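Comments concern the structure below.
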Amino acid sequence: MTETLLEIKGLRKSFGALKATDDVNLDVQAGEIHALIGPNGAGKSTLIGQIAGGLKPDEGQIRFLNRDVIPLSVAKRARMGLGRSFQISSLAMEVSALKNVILAVQAREGSSFKFWKQVRSDQGLMDEAMIQLERVGLADSARTVTSELSHGQRRQLEVACALALKPKLLLLDEPMAGLGAGGSQRLTEFLESLKAEVGILLIEHDMDAVFQLADRISVLVYGRVIETGTVDQIRQSAQVREAYLGEEE
Amino acid sequence: ENVKIGMITTLSGGGSSLGIDVRDGFMLAIKQSGRTDIDVMIEDDARKPDVAKQISDKFIQKEKVDILTGIIWSNLAMAVVPPAVRQGVFYISPNAGPSALAGKACHENYFNAAWQNDNLHEAMGGYVSAEGHKKPFILAPNYPAGKDALTGFKRFYTGELAGEVYTKLGQTDYAAEIAQIKASGADSVYFFLPGGMGIAFMKQYSQSGVSTPVFGPAFSFDQGILAAVGDAAVGVKNSSQWSKDIDTPANKAFVESFQKEYGRLPSLYASQGFDSANLIISAVEKAGGAKDADAFRAALKAAEFTSVRGDFKFASNNHPIQDIYVREVVKEGDVLTNKIVAVGLKGHANAYVDQCKM
Amino acid sequence: MTSAFVIEQILNGVQFGVMLFLMAAGLTLVFGVMGLINLAHGSLYMIGAFVCAWVSGWIGSFWIGLVAGLLAAAAVGALMEILVIRRLYQRDHLDQVLATFAMILIFSEGTRWLFGDQPLWLDIPQLLSGAVDLPFGVSYPLYRLAIILVGVALAIGLYMLITKTRLGMQIRAGESDREMIGALGINIATLYTVVFALGAALAGVAGSFVGALQSVQVGMGEPVLILAFVVIVIGGIGSIEGALVASVLVGLVDTLGRVFLPQFFALFMEPSAATSVGSALSSTSIYILMAIVLIWKPKGLFAAHD
Amino acid sequence: MMLALENIETFYGPSQALHGVSLEIGEGEMVALLGRNGMGKTTTVRSICNLSQPKRGTIRFSGTETKGLPAYKVARLGIGLVPEGRRCFPNLSVWENLVATERAGSWTLEKVYDLFPRLKERANQSAQTLSGGEQQMLAVGRALMTNPKLLILDEATEGLAPLIRQEIWSAIRTLKAAGQATLIIDKTLKELLPIADRCVILEKGRDVWTGTPDALSADRDLQDRFLGV
Amino acid sequence: MTDTLNRETIVNISLAFLLLAAPMLALALDEPFYISLATKVAILSLAGVGLNLALGYGGMISFGHAAFFGVGGYVAGISAHHMFEGSDFLGLFAATDQLLLIWPMAIILCGGLAILIGLFSLRTTGVYFIMITLAFAQMIYYLGISIPTYGGEDGLPIYVRNQLPVVSSDDPLTFFLVCYALLMGGIFLSSRIIGSRFGAALQTARMNEVRLATVGIAPFPVKLTGFVLSAMITGLAGALFAELNGFVGPSMLSWHRSGEIMIFVILGGVGRLYGPLAGAALFILLEFFIGGFTDRWQFFLGLILLGVVLFAKGGLMGLIAGRARHD
């Protein structure tokens, strides 16, 4: 039987008159990739923000691992096993790629209030971080300062950091954006292989990837989920074609 | 062997004009004495206590001075004087005279050649009383010197007050206080607001059209500052132990030679610098240098020099016993200056003599 | 305590506030809008006041002095931007702190070198001397009313410049992404020189106006600097209307605190202790105000963006 | 030639990102710049705009050599940039972003609003709070408002929904038909190749292949080697 | 890459050595005064080391560290004052002249104060943080100038010399060595902290708080802890400074002092272990030597500082040891 990782009920969030999230119901099961698609400005990132904790919903429920997480801080939710990547990358720019990942590993492993032991001499931490970098194909750039990474490389690094948390649920906000055609393909395969260990809520405008990966797809338009279904169902839906897909080949 | 004097004074930033006047008066006296056995080293304390302390360490430890002098501000004096005199060095104050150093923390090697901080205020308190004012409004900044000032005033003015206000140190806008003065029905105003605060207050006071007479200590009406206060100051009575028009030969010669040397009229501070130097010179003369501390101390205490302010003696706590005059700001041609109109206190010492156990 | 007294004190508070705005206006532009930490702003204010005092003492007209003060501050500002500040945009904010701190030393000593050690004399112009009668039996110095007018006019002018003109948009854009605005064809370097000079000119004007009320002396810019930063931060960085509101708020709190706090404590304390405690508290009132505002609204009252 | 790069070499501090890139764009031509992540596409764009001045090599735009010119002068020669990562001015509203750097020409506010109605809807919203895709639209609109002779699109369709992407592509086609010269970087070969006149592939800071889209489409091996497809 | 690292290490060792050698040399040349100058450098460097932890590593630009510096100083001063008067503090604590009690007291008090200030201030960021820390420091400053018991603006001279076990704190060289040891201890502690897990979190808080929270570390406690540690080090420096000068006063609490400590850090190189030492040493030596040379010394000091900012990226350490390494 599958376990429900995330369950959202009746979620609402407005910015002034704008309803960015309007009565959203959604769930993600273990071992599932649930894709969230929708036009620009539909409220996808806003939804992710509320799940991860950066934004406070106005109304509704978010349950993660059967626990109401709305009162919890971003950091607490992350420690519970909620990993995320940002649409516009958000990294520690002045340190190396490796250090960004190390921080994630260290946070997962336990307290950061250790003042004496040097990170540099903590081989376990380093090895673990390298493994994550390798998985996303960034091992060569491990020692490069993040601000010197190209755009695409930074996107990969975000994913590595999220993975280093060994999350139960990954929230990925357009991970393919900025990756070249080849990079997207590789990431697609990689996410496919992750499925077994972690549930994924995937936002992506790259339809090739979405159709290839998703077990289920929800379509968000003006803050509302207009449809949820399998790849085929969504492909067929006239409503979705009109609002989002357009005349795909 | 030469007598070595270290002068620590404020020569840069705001407030530097006081230090410069003290220095110039002091050096004028040294020059006039024609002595070649006195070396004076001068350094700028930038009005910072720790810098002053550092310079004093340098003067004492490196230059091995016999005498320190020059400090303008009480808080700097408090940082420098106690440790210096304990190391056996003499300190002659040409300006600051905090009550602690006159009372409990007095020391046999500390001499003040200017005044105890309360002196000028006490004189004004007495004068305002004597002039028959019944309701003065008094104000000063909220810090020890300000509190001492008003306490000093009240020591000799014992009647009713229209109001007593402590302003913020460094405040520059006095509209609110002026309105309070207006509303209080005061028949006179006494203020102690040193430096730019006093200039600002006087300007704004005269602009406000309030006509209640103003009294103050000399600090806000002294030669250096009068030009900046402008005509607003004319007619204001202020208390001082010195004035340019004190009619003694020594003072006449001082005013004339100072003006000749530096091209400006001397200020109160210049006179204090000048007197400090002459005090030292007289003691050096008498004790044959400063190496024999006991002899030198005794010679200082005797104060056998001609002060430009007239009679000068030391009280038992090494602070002056002197006359304090009341002056009035007048215009001589284009120049604003002061004229003595009365004697506020005669042969006055200070309130801390008894607290000093030397 | 009559109502006229209270009204007059409120007026004093507002007036002091607008005066603060006047002093902060240039800094609002340079710091609030361009995002540049210029500690030497107070020095530009001082330079304006000195030149105004000197020229008006020499020629005998406050107004010519005012223009001279404005021009001198603007010129020094432009020079400062070209020679120093321009090299620091790409750097850490803290380098600006160090560089402009160094400029304070240079300007203060330079001014002393040029103008001597004594404070200078500067009086209010004949035209604006005297008092006017207002309702409720309050009579108020004309010059201070004029300052209120100039301050408010400047506030409106700046507000229009910043929010309504293309120039204003470009300045703000330059603050957030200097490289990008250049890549879109705007000569941000020259633009910033001009704006910096404008900010300096405003400082010069403020110095001249306020110098006539206070003492024109070396170091006069320092308290102004802190107050101006306080005002801008309370108002919310980048917001002109915020700076104006904050100025008036600070002016009122400071003035009314000074007047009424000692009286308040006198209700239940003996008089001398009340004066003491009251004035000690009122000395810090604006800092307490700032702390409260920032604890309540961490980005100031009129946060331009969060 | 409108734009000609000859053997340019560009550094970030001590590290060299371009090791000799040459490329040309003629009037009305549309050139696609391709390559895997980190191969130097963006650096090439930055070099053209003089945001990173090349250390060696020459760049001519409309007959002017741009060496040593400040970036704003290069831009005023007629280059409109849609930078990687959008870089809208966050503290400006949508409308302000569009008009702050506008230069006269055929593109006007109305036309941009017609192209992206969403921007009109959000005209007074601060750019910071726009969704990713909306910011992307804004960046494109902002560049168009400068009415450039050469439009540079660095991943301009990143993060855009398929429908909008189709609109942008059709807008690009319209632009091209109107004779707009364009340098374009984009990952969706499917849409890019049909409209590009020429393709240049970068590999480790060098241009390793130049040719027609047809030749590229035909050559799986080439794609595999340099684009990782 | 490794050679810049080595270069910084070499520079660091040289700085530490020079500071240690200066008073020895002074003693050999019979110029004991320079010992107290070196002591001043050591103490103010320590204050800078404290600030650097918050400002350089944690990105918390505190413009109120004088509050801690001064409070540290006042602990020493007040304690000595009561010792001298033979009275108790508020009738509660017996006065002590044992530095080994006074120092921890200063450190703990500053830590407590920093918790209080930090709890409020850390809600803000950037320039707002700069100003709110200034606000708190100003409140304490005005408290300092208006409390008559402890001298108000005039300050409080320390008449009794506080004591250390075994060694004599009265001897300038001994006192220098004590300060030097504490400075080196402070730097070593900083270096451990920075390299630790906590240090990694603290530095990420500077660069990107969102990132820190995203990996599951709450930024607020990290920043608060960093701020408190920083305040404690600066507070200790304040206690030493009071001891050195034999005096405390509100000038130790003033914003000029906060600014000066900040200038040391920036001048030396923000976020460099030995930056505060380099900065404080240069500043104090300049102040001392040009001060003895001309009245207009502040003008020249200004020019020199300006030269350093314009031509040395990353302060003195940037100039002599190259770019900082963060990986």
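Of note:
As written, the chains take the letters A, B, C, D and E, and residue 1 is the first residue of each chain.
We take it that a residue touches a chain if its C-beta (ideal position, glycine included) is under 8 Å from a C-beta of that chain, and two chains touch if they have at least 3 such contacts.
Quick caveat, the model's predicted, so the values are computed rather than measured.
Common neighbours of chain A and chain D: there are none. Summarising the inter-chain layout, the chain whose CA centre lies farthest from the centre of chain E is D. Of the two chain pairs examined here, C-D and B-C, it is B-C that is joined by more C-beta pairs in contact. Greatest Cα centroid separation from chain A: this falls to B. Centre to centre, using the average C-alpha position, chain A and chain B are separated by 74 Å. With centres taken as mean Cα positions, chain C sits 48 Å from chain A.
Note: centroid distance chain B to chain E, computed from Cα atoms, is 36 Å. With touch defined as above, residues shared between interfaces to two or more other chains in chain B number as follows: 12-13, 142, 147, 169. In chain A, no residue reaches two or more other chains under the touch definition.
Within chain E, contacts with two or more other chains are made by residues 146, 296, 298.
Chain pairs recorded as touching, per the definition above, are A-D, A-E, B-C, B-E, C-D, C-E. Across the complex, chain C meets chain B through its residues 1-2, 5, 8-9, 12-13, 15-16, 19, 108-109, 112, 117-121, 123-124, 129-131, 139, 141, 143-144, 210, 212-220, 223, 255, 258-259, 262, 271-272, 275-276, 279-280, 282-283. Residues 12, 15, 35-38, 42, 84-86, 118, 122, 129-134, 136-137, 155, 158-166, 187-189, 227-229 of chain D are the ones that touch chain A when the two sit in their complex. Taken together, the chain E residues at the contact with chain C in this complex read 55, 61, 120-121, 123-125, 127-128, 131-132, 134-136, 138-139, 142-143, 146, 255, 259, 262-263, 266-267, 270, 296, 298-299, 301-306, 308-310, 313. Residues 11-13, 43-44, 46, 48-51, 53-55, 57-58, 60-62, 74-75, 78-79, 82-83, 98, 100, 105, 142-145, 147, 169 of chain B touch chain E in their complex. Across the interface of their complex, chain E is touched by residues 52-54, 73-76, 78-79, 84, 86, 90-96, 98-100, 102-104, 106-108, 111-120, 143, 145, 161, 164-165 of chain A.
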